[in-house]
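This structure is in structure tokens; I'll ask about it shortly.
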Amino acid sequence: LYNLVYVCAVFVNGFACKDPKTAVVEDFYFSGLHMAGNASNKQGSAVTAVNVAHIAGLNTLGISLARVDYARYGQNPPHIHPRASEILTVVEGSLYVGFVTSNLENKLFSKVLNQGDVFVFPQGLIHFQCNCGTKKAIAIAALSSKNPGVITIANAVFASKPSIKDDIIAKAFQVDKKIVDHIQAQF
Amino acid sequence: LYNLVYVCAVFVNGFACKDPKTAVVEDFYFSGLHMAGNASNKQGSAVTAVNVAHIAGLNTLGISLARVDYARYGQNPPHIHPRASEILTVVEGSLYVGFVTSNLENKLFSKVLNQGDVFVFPQGLIHFQCNCGTKKAIAIAALSSKNPGVITIANAVFASKPSIKDDIIAKAFQVDKKIVDHIQAQF
Amino acid sequence: LYNLVYVCAVFVNGFACKDPKTAVVEDFYFSGLHMAGNASNKQGSAVTAVNVAHIAGLNTLGISLARVDYARYGQNPPHIHPRASEILTVVEGSLYVGFVTSNLENKLFSKVLNQGDVFVFPQGLIHFQCNCGTKKAIAIAALSSKNPGVITIANAVFASKPSIKDDIIAKAFQVDKKIVDHIQAQF
Amino acid sequence: LYNLVYVCAVFVNGFACKDPKTAVVEDFYFSGLHMAGNASNKQGSAVTAVNVAHIAGLNTLGISLARVDYARYGQNPPHIHPRASEILTVVEGSLYVGFVTSNLENKLFSKVLNQGDVFVFPQGLIHFQCNCGTKKAIAIAALSSKNPGVITIANAVFASKPSIKDDIIAKAFQVDKKIVDHIQAQF
Amino acid sequence: LYNLVYVCAVFVNGFACKDPKTAVVEDFYFSGLHMAGNASNKQGSAVTAVNVAHIAGLNTLGISLARVDYARYGQNPPHIHPRASEILTVVEGSLYVGFVTSNLENKLFSKVLNQGDVFVFPQGLIHFQCNCGTKKAIAIAALSSKNPGVITIANAVFASKPSIKDDIIAKAFQVDKKIVDHIQAQF
Amino acid sequence: LYNLVYVCAVFVNGFACKDPKTAVVEDFYFSGLHMAGNASNKQGSAVTAVNVAHIAGLNTLGISLARVDYARYGQNPPHIHPRASEILTVVEGSLYVGFVTSNLENKLFSKVLNQGDVFVFPQGLIHFQCNCGTKKAIAIAALSSKNPGVITIANAVFASKPSIKDDIIAKAFQVDKKIVDHIQAQF
């Protein structure tokens, strides 16, 4: 019955339902979190996610994992998880991390984390991690959803497809449209 | 027993627990949603929220309401609700609305809404409403939480207290720090 | 991934799952809440619901909307939502509203609402709205479920198909069976 | 009482307001379900509930129990549980049971249950049990809430305190106000 | 099978994959709880479960039922329900029952129950019922899940398929592997 | 403690019992996960948990973390988390891991994990990790609850306080009481 409900339920939220009798140990397994993601990009970071898209057995279990690699001076830029809270621990290096609370305070809670430090990013709040040091850094993060989602703020605002009209963004950020166009052009 | 559990439970999530025998009809009531909020501000919009902070009886009920007023050319700038989905209907005027999906697509779903149109903003996604017309507009929005929270993107990123370091934002938005400093100075 | 999980999930509770790549803005949109429902009926009210049956994108989001029109002296008769709490605001006119708490108290909480007033009906409690004035009235209501359900008490008790035996109802309401038969005949 | 309901049982879930060291086995225990309730009343039934008000340890556990005694020709009249589904089994005697689905169908699902039969009443739907036989009957019911609540339809509609205005009920039930007044007078 | 578990019962909650018009009263009904399970086995007990596998209409309702028969000196050996809390009442005979709290205390809460006594076993905790008397005993138990699952500790540890390696169990139970092999051979 | 757990962390979710203005970044922070737990014990493993007892800000967020150190030939013996699923990744060394499904199958899903491998243990199922190698091993595990709880099977069954009667355990494990007494004496 276990197999029936949990593995078959993989279908429920959009994934294919397999015959429970065919469930195998691989449905609960993923390999590769020991390998560094390629952080040679503009932000200098790479996220390797392990969620229900990678492990079918996570369906209905309300949890997932991720490894984040940070190049020197790299950062995981301000982003949100629309359906999850996050708890992160630094495996190697140091990170300056923070989150901003809701309106009206918009208070920044930030801290420098060293190896073995743990930090919590509550659901839906904008947060970031920055490798302020000259060595690479590695973090392991857990999220309270099988499918937490990621919204990188800059990309969603300035690089959506199609673009949000520049006059909307210009007014939101209280800058000239030329600046908005300039930022949009970077992406 | 009803009163006991639901009104008294108001304490659980941070509100004072009153003797259930003293619960009164006012605990389920709010007045004022007929009055226009003052939209004479930089964004040209005003949100009048009605949540558990205004109606104690909403505690544990998973719902709240808001009225949004838009001046001509005003907008409710890109924002998220960290703990709620939203369904909105236009009571007066026209609105151009949209939301952006998660990474990697960051697809913009947008539409012009007229009076009586209804639109859904799924939980945690960045969304906005813009009064593109020359007349004021009014919307009523419902949210799937007694305490949905609001995070205005521009304010949380560029006007947190204290500020997020400008080099973090500059890299995130792929612009010069001077531009970041310029934007921060607007708030 | 967003599209995959949320739009495809439409299947979960009985709706067809479409290929997420085919999700369109219309899946989050409904038109028509500006039009008055036809309240020219015995109760003098009309509910225009906007839930997952009308907007597929509401699936899993835990919220829906409704417009209620009241003819002069019309009422939305005593009813319950088996799977939702409700928050209502008066858009036009005045309403006398109320809900009754559970046994043993069965206490009536009632109030006259004017334009802009907001009232909460906790999940599963019997409640009603009555337009006691000589002008039509309009309300917008939000419900904490994609599919809240409505059970009009009089209809469910006296006009189910097939009928509840009249001796059961007669004893429940402590009246003669002739009265029950008389009431049943009205529906 | 607040502490009782919300905190003490939290002990087995890890925390307590009451010093967890003082938690005792009695916090998970109730005695008396072997005793027949007094069904010598107008409806000819008696419910003996065992929920969080009787067993503090049920807090947060989402379940409760009840024994129902039915006199000959007695009934548990049409009622709803605003916060729970129910599953019932007949321990002695026979019962005619039913529930009515939501609008618009208001379909009655009914069945005669004998000893050992089990029936389900989905959350928030109006349901009843009637002892159509000449012998007493006994049922055990389980509910999916620590505090399910009970709303006896007739009492909530015709005997609330204060009364719902008789013209509201008269129109809802489509009968003359005299009939409403007559019914109200029975309670 | 998917249809059975996930969709059909959704009918009373509003929708169905199976054509709702084909839903019948049998979808909410089970017969047979008056019959004693065959407790003539090594443990001297038999559980007759009534969950979503037996009543399709239980889907989404978060509750199920079970009858437990105990031979004289029989027991329902230490077990857990991975997805449910339990509330049990003794219908006939006497039972010595108990549960053990989590680490580090591992405190045993136990009690002798007589007819009509009720006891609660919180979610996921190891618990047991033992018929210490010379007469048979019967209990009715309710569980807070449509599909609670049962894990009999001894069977899962010593009789899984394939077996857990005996040196793992030997170290866990701090005994010689021969003892583990001896126990495994019993199953 | 009550206030701490139920209210203070609610601050980032919008409200607080503790004055929200006194919330500090330390409420979301823990230090020490880089330090090996002392695995010099009979099982050869040590769990360093980071949950709501260590980070007040985890309240309501549904997630927690743990580091597990394994001595050579050490194991995290068969145990369950009554209120959480688990996802684990091997940071160093190799582990043989497994879980057993519910009755009646009691199927063992097991696998050897190497560095960077990830494995899922569904809620409430008995599972274990064993360091079969000659080098120490380290794992990071995430759990889907702020307070998942741990029940080490051997300890809960054979070393509860007070003890479960040895004849109950003897029958459950189908062995002579002398063996039970022998095992109990080890703890």
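Read from first to last, the chains carry the letters A, B, C, D, E and F; within each, the first residue is number 1.
Here is the rule we go by: contacts are C-beta pairs under 8 Å (C-beta built on N, C-alpha and C of every residue); 3 or more make two chains touch, one makes a residue touch a chain.
Keep in mind it's a predicted model, so treat the numbers as computed, not measured.
**Student:** Based on the averaged CA atom positions, which chain is farthest from chain D?
**Tutor:** If we average the C-alpha coordinates per chain, A ends up farthest from chain D.
**Student:** Looking at CA centres, what chain is most distant from chain E?
**Tutor:** With centres defined by C-alpha atoms, farthest from chain E sits B.
**Student:** Given that chain E and chain F are copies and touch, would you call their interface same or different according to whether over half of its residue numbers are shared?
**Tutor:** Looking at both copies, the contact residues mostly coincide.
**Student:** Counting contact pairs by residue number and requiring over half to coincide, which of A-B, B-C or A-F is equivalent to C-D?
**Tutor:** A-B
**Student:** Give me the C-alpha superposition rotation for chain D onto chain F, in degrees, nearest 5.
**Tutor:** 120
**Student:** Starting from the mean Cα coordinates of chain A and chain E, work out the distance between those two points in Å.
**Tutor:** Comparing mean C-alpha positions, chain E is 39 Å from chain A.
**Student:** Find the geometric centre of each of chain D and chain E from their Cα atoms only, then give the gap between the two centres in Å, rounded to an integer.
**Tutor:** 25
**Student:** If I count partner chains per residue in chain F, which residues reach a count of at least 2?
**Tutor:** 6, 13-14, 83, 102, 105, 107, 110, 122-123, 125, 149
**Student:** Show which residues of chain D lie in contact with chain E when the two form their complex.
**Tutor:** 9, 12-14, 24-25, 28-35, 50, 55, 57-58, 61-65, 67, 84-87, 89-91, 99, 101-102, 109-111, 113-123, 125, 140, 142-144
**Student:** Given the complex with chain A, which residues does chain B contribute to the contact?
**Tutor:** 42-44, 75, 77-78, 80-83, 96, 98, 100, 102-103, 105-108, 110, 122-126, 128, 130, 149-165, 168-169, 171-175, 179, 182-183, 186-187
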